[in-house]
Amino acid sequence: MSSTTRVLFDEPGPRARRQIQVATAVSLLAIAGVIYLAVARFADSGQLAAAKWSIFTTPLVRTFLWEGFVNTMKLTVVSGLIALPLGILFALLRLAHNKIARWLGTAYVEVFRSVPLLLLVLMFVLALPPLGVNLPIFWKICVPIVMCNAAILAEIFRAGVNALPKGQLEASLAIGLTYWQAMRLVIFPQSIRLIVPALVTQLVSLLKDSTLGYAASFPELLRTANVLTARTHTLIQVYIVISLIYVIINLLLSYLARVLERRLNRTRVSSAGREGGAIEDTPVGGVLPMETAPGGAIMR
Amino acid sequence: MEIVLSNWSPLLDGLWITLSIAVLAFVGAMVIGTVVAVMRISPVAPLRAVGLVYVEFFRNIPLLCLLFLVVFGLPDIGVLFNLYNSAVIGMAMFSAAFVCESIRTGINTVQVGQAEAARSIGLTFSQSMRFVILPQALRSMVQPLVNVWIGTLIGSSLASVIGIQDVTAVGQNLNNRYAGGLAVFASIAAIYVVIALLSGGVGGWIERRVTVLR
Amino acid sequence: MKAGPFDPRRVGLGLIMGIAALLLVACGSSASPAASSSASSAASSAASSLAATNAPSSTGTASSGPAAGAPGSVAQITGSGSGEIDKATYDGVIAAAPKADDAMIEANPWAKAIKERGVLRTGGSETGQLFSLLDLETGKVVGFDAGLSQMLAQYILGEPNTELTVTTVDTRETLIQNGSVDGVFATYSITPARAEKIAFAGPYLISGAAIMVRADNTDITSVDDLAGKTVTTQTNSTSLTALQDQVPTATLQPYTNDAECVAALTQGRVDAYVIDQSILISDAIGNDAVKVVGEPFTVDPYGIGVTKDDPSAKEFVNAWLKTIEDDGSWADLWKATIGTVVEGDAPAPPVIGSVPGS
């Protein structure tokens, strides 16, 4: 519980403790009841039959799903690695002094943060080939993901730079560095440390975006699942298993983000440069490590 | 361009569906998200667990996967919604997780001193929440909530994959029938961008209105 | 500056090396044959296809008197087969298919080019029951359409060497026109409108759409009973247009593949599922919750899509079709695939060129 809510809640007295115990028991029963009902209904419709689930024990299906998984990972990592430098580039454009550069950066970021990824993928798959731009399937899904995520990453980088106290930039200019030298030697290294958890969280978002390879017929995990359902007629089971796979991977990545955040906050330089105020409202608090919105858009 | 101009009627229908799904989903998300946020800070442990599981599950599952589960998985548990409702419910549950996180973050940005001061002048829990904490929290929640709204709007385009004729699906149909597909898709992208930018602008205006100048 | 793990120099170097490594991997793997070339969108279906603008003019709506070569009435599902294609039989049928002699190939520029390339590039589906379904073990597609493509490859190259690109209704004609595939084998219905863009060899099979309902349903027995009901079919299939023409009062709710349509029917989202009859029968076998009713109410002639720019393509494929029809390979393939769900011997193959557009 956060410190605010901890302060607000009094230490529960005997009556409150009893109330909490009753509420605990009731809610436990309710939850158990709902789960039991759901599972029972599921079994009734015959979906828990062993035959339907046994396909997952065959090495064939497992290899097939594994290939889909590998493709998903490939797509995620490649898109991430390309989007990263692009994101830095657009962030730098937005931070530049030159008006045209700033305008370019802002235009790109604002447009590509607001466009649905599915639309971009459909554009690459359906609208561009007749015009001659016919990329291999992998790039048909990779390029749209890169375009969208570069915009979001640019925003993350910019938020990282803005989260640093202004004193850092002022001091570097005062000792004679040019703007870009200050950026390269002082600002960026510190801001990267701030935003690494946010970057890992954006990776989670990227992985979720990879499911749109479905629309491009790229054999990533969801698409592989689709082929599997056509082959084995076990629609629900396959989708349940796939969803679990996605959730578990993303949970691991989020955990990694949290571990990174804790590590970095422990080793970082103390609050010498921070403005006063309670912990919660330092500028650093604005660069959240977690995904604050579907799609990962932050700090509009 | 002529394709877009001569087909503005189906495009408008699609746009209406997109907006209605997004708005309904967002409103639903706010309601569910508030409930889940309350569950997460409640002293009752099972409710806290349910809240945690809910948020972790719905933040980490791809939206497309979730929509498939809702459309094809729920009926086997006995809950059958038509496609439109499935899309709304799926998106609402998805965005609710983010709303919940925004609410918790918003409450966390309120300084501890405010809560302490509220308690020390004798306000009860609900009174402190109502008069002191929540108004300040809501101010810092505007930004993330606008982002959730834009995320919901953009995510609603996935409804076209499960067969709903939203503006993305209409674009696909037009592209099937006529040649100049790029213009159609570009116009639809422009529609999304305009709505998103407008929302961002409105959000910024709301935030400026509620900011307390110190 | 502290040279810790996040020292920017190391991070930068690591990033560059990582990007280089992964780009190499990605380029290497995306050059591999399996599904590497262009195009497909979400609606990838195996069954019949949607006419681009106009409805096909050849829809015979008679319920029990289809054109020559049609399979006739719906077979009774009395356990005549399991719907599972036996790999050994299938492979045997393909292997027994004829091979062309070199003179014939030399004389035909289209076939010659394919022989030089060493592989037949096909367009088709991976999720089509009975016609083109991916075999997880071998990674190759199996079915009637798939078998025809493999037989053609064997005819030209001496072995069934095909390279499949998954196609959908939006991408089929484009892929043929820009030369990405040599032939499309995808329950591709012949229509005069499509014949303006590409050439059709065949027809190689005349099929029709039938209706599937839940096992306990008694009010739907023919296409007219569908009026006012909710019906599903596969997106971009000829059944979709046929339904729009014949029962305009029905509410249509298309899904992208067969499994989804059947699920929608059994879960109660829709009242009926309309698609190619053989696909329905293969779904109904082993699924007690559904049954097939009525007679096929459309006539769908399937053809092989080839390029229009080189007339020798259509010539060659038609000649090959005639050959396999005469020597029995066509019938053997039918028996090994569609015959697993439909009783009786293989029907007489349709007359080549008998349908407008072919």
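Per-chain residue numbering starts at 1, and chain names A, B and C are given in the order in which the chains are listed.
The rule we apply is simple: contacts are C-beta pairs under 8 Å (C-beta built on N, C-alpha and C of every residue); 3 or more make two chains touch, one makes a residue touch a chain.
Just so we're clear, the structure is a prediction, and the values are computed from it rather than from any experiment.
A.B. asks: According to the touch definition, list the chains common to the neighbour sets of subunit A and subunit C.
C.D. replies: Chains touching both subunit A and subunit C: B.
A.B. asks: Find the chain most remote from subunit A, comparing centres computed as mean CA coordinates.
C.D. replies: C
A.B. asks: If you average the CA atoms of subunit A and of subunit C, how far apart do the two points sit, in angstrom?
C.D. replies: 38
A.B. asks: Roughly how far is subunit A from subunit B, going centre to centre by Cα mean, in whole Å?
C.D. replies: That pair's centroid distance is 16 Å.
A.B. asks: Using CA atom averages as chain centres, what separation in Å is found between subunit B and subunit C?
C.D. replies: The computed centroid separation for subunit B versus subunit C comes out at 40 Å.
A.B. asks: Find every residue in subunit C that makes contact with two or more other chains and list them.
C.D. replies: 41-42, 170, 260, 263
A.B. asks: Two-or-more-chain contact residues of subunit A, please, as numbers and ranges.
C.D. replies: Where subunit A meets two or more other chains at a single residue, that happens at 122, 126, 130, 214-215, 235-236.
A.B. asks: Going by the contact rule already set, what residues in subunit B reach two or more other chains?
C.D. replies: Residues 72, 76, 161, 172, 175.
A.B. asks: Over in the complex, which subunit A residues touch subunit B? Could you list them?
C.D. replies: 1-5, 7-10, 12, 20, 23-24, 27-28, 31, 38, 41-42, 45, 47, 110-111, 113-120, 122-123, 126-128, 130-131, 204, 207-212, 214-215, 222, 235-236, 239-240, 242-243, 246-247, 250-251, 254, 277-278, 280-281, 285, 288, 290-295, 297-300
A.B. asks: What part of subunit A is in contact with subunit C in the complex they form?
C.D. replies: For subunit A paired with subunit C, touching residues are 60-61, 63-64, 74, 77-78, 81-82, 84-85, 122, 125-126, 129-130, 134-140, 142, 185, 188-189, 192-193, 196, 214-217, 219, 226-231, 233, 235-236, 264, 267.
A.B. asks: Touching residues of subunit B toward subunit A in the complex: what are they?
C.D. replies: Per the stated touch rule, the residues are 41, 43-47, 50, 56-57, 59-66, 68-69, 72-73, 76-78, 94-95, 98, 101-102, 104-105, 107-116, 118-119, 125, 128-129, 133, 143-144, 146-148, 150-152, 154-155, 157-158, 160-161, 168, 171-172, 175, 179, 181-182, 184-186, 188-189, 192-193, 195-197, 200, 203-204.
A.B. asks: Looking at the complex, which residues from subunit C come into contact with subunit B?
C.D. replies: Listed in rising order, the residues are 41-42, 50, 52-53, 169-170, 235-236, 253-255, 260, 263, 267-269.
A.B. asks: So in the complex, which bits of subunit C are touching subunit A?
C.D. replies: Residues in contact with subunit A: 1, 4, 6-8, 11, 15, 18-19, 22-23, 25-26, 29-31, 34-42, 44, 46, 126-129, 133-134, 136-137, 166, 170-171, 174, 178, 180, 256-260, 262-263, 283, 287.
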